[in-house]
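Below, each structure is written out as structure tokens.
Note that chain A is present in both complexes that follow, paired respectively with chain B and with chain C.
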Partner chain A sequence: MISTKSLSRRGFLNMGVAAGAGYLLPKTGLISPAHAATPLAPVAEEDAHIAFGHTGPTSDEGWTWAHDQGMKAVEAAFPKLRTSYVESIPYSADATRIFRQFVADDANMVFATSNYGDFLYDVANRAPDVAFYECDGRSPLENLGTFYLSHWYPSYVAGIAAGAMSPSGKLGYVASFPVPSVYSGTNAFLMGARSVNPEATLQAIVINSWFDPQAATQAGTALIDNGCDVLFGIMDEAGYLQVAEERGAKAVMWNTDLRRYGPNAYISSIIVDFKDFYVEQVRRRLAGEWTPTQDLLPFGNGVDVDAWGESVPAEVAAKADAVKASILDGSFNPFVGELKDTKGNVKVAKGATMSEQELYHWNWSIEGVSGLDS
Partner chain B sequence: MTSMRLQRMPLAPPRVAFALRVLSVVLAILTAALVLWGSGHNPLALGAKVISSTFGSSFGLEDLSLLFSPLIYCGLSVAVALRIGAWNIGAEGQFNFGALCATGVALFVSGPVWVILPLMGVAGMIGGALWILVPTLARAYADVSELITTLLMNFVAMLLVYWLATGPWLDPSGMALATTSRLPVSVPAFWGIVHWGLPIAILIAIALSLFVTYTRWGYEVRIAGANPGAARYAGMPVRTQLIGIMLLSGALAGLGGMMEVAGTVGRLQGGISNNYGYIGIMVAVLARAAPIGVLATAFFMAVLLNGGIVLQSQGLTTHTVLAVTGLILLYAAIGDEAAHYKILRTKAKDG
Partner chain C sequence: MDILAGLIQTAFLAGGVLALAALGEVLAERVGVVNLGVEGLIALGAMSAVVTVVSTGSPWLGLGVALLVGLLSGMVFATATVVVRANQILCGLALTYIGTGMAATIGKPFSGTPVPETFSPLHIPVLSDLPFFGRALFSHNILIYVIFLILPLALHYMMFYTRHGLNMRAVGENPAAADAAGIPVMKMRFWYTSLGAALASGAGGYLTLTFVPSWSEGVVAGRGWIAVALVIFAGFRPINAVLAGLLFGFVTGLGFVGQARNWPVAASILSMLPYLGTMALMILPVVTWQRMRRLMAAPDGITAPYFRDQR
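Now for the complex of A and B:
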């Protein structure tokens, strides 16, 4: 598990210290100028209501489950406060209704565990006394913060193993939507693979959902039919891992350790952990220190690669682990130009390093990725 | 000796139908309460919470109104087609495509609001009508079941919206994901966040109700639906009526889509239709295809859906909420069917 002691210099826990004076995420490029906003008034623990809105079911054993663990950590840290949650919130006006309902139920703090855009923004805009957080959010407000994960680093590390374990060099990706988290995930994964196999390519299939086990399974099958032998994706559940297991392919997953669904196919997973973040933000809210932050949980403290699967050869694991260590100690950054897009245009000049901001907003595919750019 | 048997009547007596409708809703709520009680919830407290959250605050009433509005458009869309015996299962697709066409106008035509908004309305209606055009012609000239064709068109419309919103029409600012830019114009609100889409929907329902009841057109549509052969023999233009009414049906759903995108959501994105088109089928069937009835059943569905959201925030899962709404509709459907039967007592021939 991730220990708060092993905080990298991108550690988010610094923020508590800086409450009210802006927030710092050194080297992430996400530092916003300090808001003039005064912190929201403190709330007594026994009067507090913290609400969570999820995109999928908490039983998904993946993304929503991980956020639910975060809520349980908040309950354990602050046993007297009240929590509530709604799962499977659609990306429609229903989302607005649910967030408004939280506000009507006197929530002091609302976490949206997916990007609900205007459906959340409009509610936050009308409820200035409530603290809002949006996962993968893009439009902050005085009372609306955003948080996400530097998942491109573990994706790069997993890509190294994937590239080494793919005889064909054809990687498959089950994508939700053509959004930055998918662009950065596919690009980082392919860049990792290309570090061991320069000829590797990646084909993506978009299924227009984060949680649709049936569509994810179909997409996985289609990718393997097309010759891909290692699958990656950004699904909240284990659907395409089971396809890979049946078809003798390999897979890299997201969110949690899912190896029991495909012990032979499992390479690793992009493991997420929101517990410390949620507890810290609720603490700040209760203490009257809360102003919105724009956080990226760093590699090694909120997002990580899982222990390698049993079919990963020792030398492959060692190679990937060495790269991981060099990213963590700051001696290596994989996201350095020259990078070209699918049409061959140079998008990142030779030697230029992409900032965390650019990685977070990445909205184009690198050469070798197909299926995302329309 | 007397025995009893059931006889089905072609028309349900309105009073019986109404009584059974009320009874079925009460029974469904009781059943749901039992299930909730059995699973450890307090049904009375939950019920009180639903009612107070929905009707007890302007917050709840505004949310209710925003749900009510698209359900009227989609309910009317399905209802008018039903009057001529056509099943428009495609209101969902027409809603999406109407929203898409209206968005196209908003994003790419510039002009004063009072020109752009009506233009968007017209674009939404034309879009909706276009989306049902092929199923309409196939039904009118080749007798292809519109049930299947309209349904299949839904998926195409949904994917078109996803494609445009995440591709060519994607918000270039990077501040919003998988959606178009915010539309530069919006349907003005008249109360809180409730926009003029609602009163317009109600006016359309009233106007349609008058037309189908008091005009020759409404009469011909009704006859053409009840017995196309007889209508044709009587010299009524059955095919023209069918085409006209199906296009009207599509246009109504398309206008609903325009109101949703320009009044409620503000951006075109996948999932904008929120299943309103499918729920519209229930709305129309429960209203027996009567435009005024649609107002009542759409309101009822809006209360149910809004109640579902309140229940979810009280710790019930979406599955429980779906089961409760499904239960109410099932009971209502049973009640409706039961209203068609009367009990006959007959003397047995011998004992």
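Now for the complex of A and C:
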């Protein structure tokens, strides 16, 4: 499209404008508002093909494993339909090729288990009779829905236990990338910890991967050496839990119950469960009721805190459980202003409640979190 | 001070994988065979070590099986590249894909199982209790001492101070001349390539038996490629190779410490450190000191298959 030969200064400036416009789009949030599209035609169960495109290996005992459990639940609920899946899809044009292959293979519904963005968008755009779901997706279409977890609530509850169990008040966080999931996770965790220890702070290390046990182990060690005594993170494996166990620190995990890797260090985990959601969406697709949704799986039904670890004192567990109950019955919302960012600017006014959309798109750190906003 | 000690300690732990794999690659490249299958070999070794230890409970046996698996895979690779004389680059890439894929498939039932018994740190009387050096240097597991002390010194002595080592290097530099001098070129290439593969696979065993004690697909995360690069960086010398591994582990750790201590440098720059550092150290000595060009040069006969009737 752009040849280097004809690249004049004007052409160069135009490229800058195009890049600038591209940068603005995602910031505006939802590109097309949710609306009632025409449902896709029903499919007989024995003719149906449901495909899953995973970011990691299903054997990771974490994120992809949880999605794989969801696929198994779909198979159990609809034994006659056909499922297929591809693991460890890279974030490259290969992803487009794989999703296109699903379509060519007569898939009626495709789940992409993490944010493939434009690599999926084009495929969905050209296959209007196939239903697509993108986890952590940000640009819905007529036939492309998005879903994610309201993981900030369990992160807040786990933060209460972490704050109570951290003598130094220094929490550590092994982050993948500075993305909204990481901002909302760190902020919610620290807010929970501050509800019991107002002096608590959180230090994050970005390792540029969702799955790199070696780097996560090194990052966990660096955090503990720097005085952190409770670690949290968003890794698909147990690397930093094993460091915490060895060094006598504590850890909160993500995705699944990982206490066998560090029974003394384990506080809890942000447990994810896509089973009910997947079964329901497949049912709607088969019945001819499917229109795209933008779902956030609620606290208690899709995302939750795990049963407390053996080293969590009973009174700490009781306190956190009480807060969990009050969030669940709607009597308490932790995400109410006044909230300041790391530079001291008031971002959420006193008394204002953050909406679920704001929490989902959270892209700044609250005061006390360091390592993400630089 | 405590932070520096911790940094050096994890540098050894993390660098061990790279150092051992790089040592194996030095052996293969010194006899003129480039083995790009290191990534796959590490995965195979890491997986087979975990499978063995989960089934038997003995880390030594796990390491032994990892080495053996590497030796066997290396013999297959050497058969293809040395005996059949297929293209080394393509065979190496194939070995990476086969190794990674086989490890993922065979290891599936074992992923998510913590390794029950690992090589735990040795406590050396007096030395381990020293204030700074105790933690940095003398509280490691036994494999660290083997990888960073015994193996490189032994290989260095063998390669540069024995007749056998001279023969070995001759095979890599000029196989035709070596052949004329009566050195068994094929035999040398075959066995050192296989032995190098065994060490690379052993690096995988080291990884899952000490540093990250569980198997999951993707646990190697590209470290095999870095080991191949470090060999060039180390000028194909065993002592330099382990030092390069250590340096890489140190600089990676430094990036994390920098983030943990909130140095006013962007996290992305800190994550770039290991690669920037490697490039700088590769380029600077060669540019500033002419003699380094010769010292760091690759063996002349590298990647070229040897046909006796075409010399």
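Assume the second predicted complex is superposed on the first by the 338 of 374 C-alpha atoms of A that agree within 3 Å, B and C clash if a C-alpha of one lies under 4 Å from a C-alpha of the other, contacts with A are read in each partner's own complex, and residues count from 1 in each chain.
We adopt the following convention: contacts are C-beta pairs under 8 Å (C-beta built on N, C-alpha and C of every residue); 3 or more make two chains touch, one makes a residue touch a chain.
Model, not experiment: these values are computed from the prediction.
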item: Clash or fit (per the criteria above) of chain B with chain C on chain A; value: clash
item: Which of chain B and chain C A:300 touches, first, second, both or neither; value: neither
item: Contacts of A:118 with chain B and chain C, given as first, second, both or neither; value: first
item: Partner chain(s) touched by A:363 [first = chain B, second = chain C, both, neither]; value: first
item: Partner chain in contact with A:213 - chain B first, chain C second, else both or neither; value: second
item: Touched partner set for A:309, first chain B, second chain C, both or neither; value: neither
item: First, second, both or neither for A:136, with chain B first and chain C second; value: first
item: First, second, both or neither for A:225, with chain B first and chain C second; value: second
item: Touching partner for A:94 - first (chain B), second (chain C), both, neither; value: first
item: Interface residues of chain A shared between complexes with chain B and chain C; value: 57, 87-88, 178, 206, 208, 374
item: Of chain B, residues touching chain A in the complex; value: 53, 57, 59-60, 63, 66-67, 159, 162-163, 166-168, 174-179, 182, 260, 264-267, 269-274, 306, 309-310, 312-315, 317-318
item: Complex interface listing, chain C residues touching chain A; value: 2-3, 6-7, 9-10, 13-14, 17, 104, 107-108, 111-112, 114, 207, 211-214, 216-219, 221, 223, 252-253, 256-257, 259-262, 264, 266-268, 271
item: Parts of chain A lying in touch with chain C, wherever the complex brings them together; value: 56-57, 59-61, 65, 87-88, 172, 178, 203-209, 211-215, 217-219, 221-223, 225-226, 228, 237-239, 242, 260-261, 370-371, 374
item: Parts of chain A lying in touch with chain B, wherever the complex brings them together; value: 51, 57, 84-88, 90-94, 97-98, 100-105, 115, 117-119, 136, 138-139, 177-180, 206, 208, 361, 363, 374
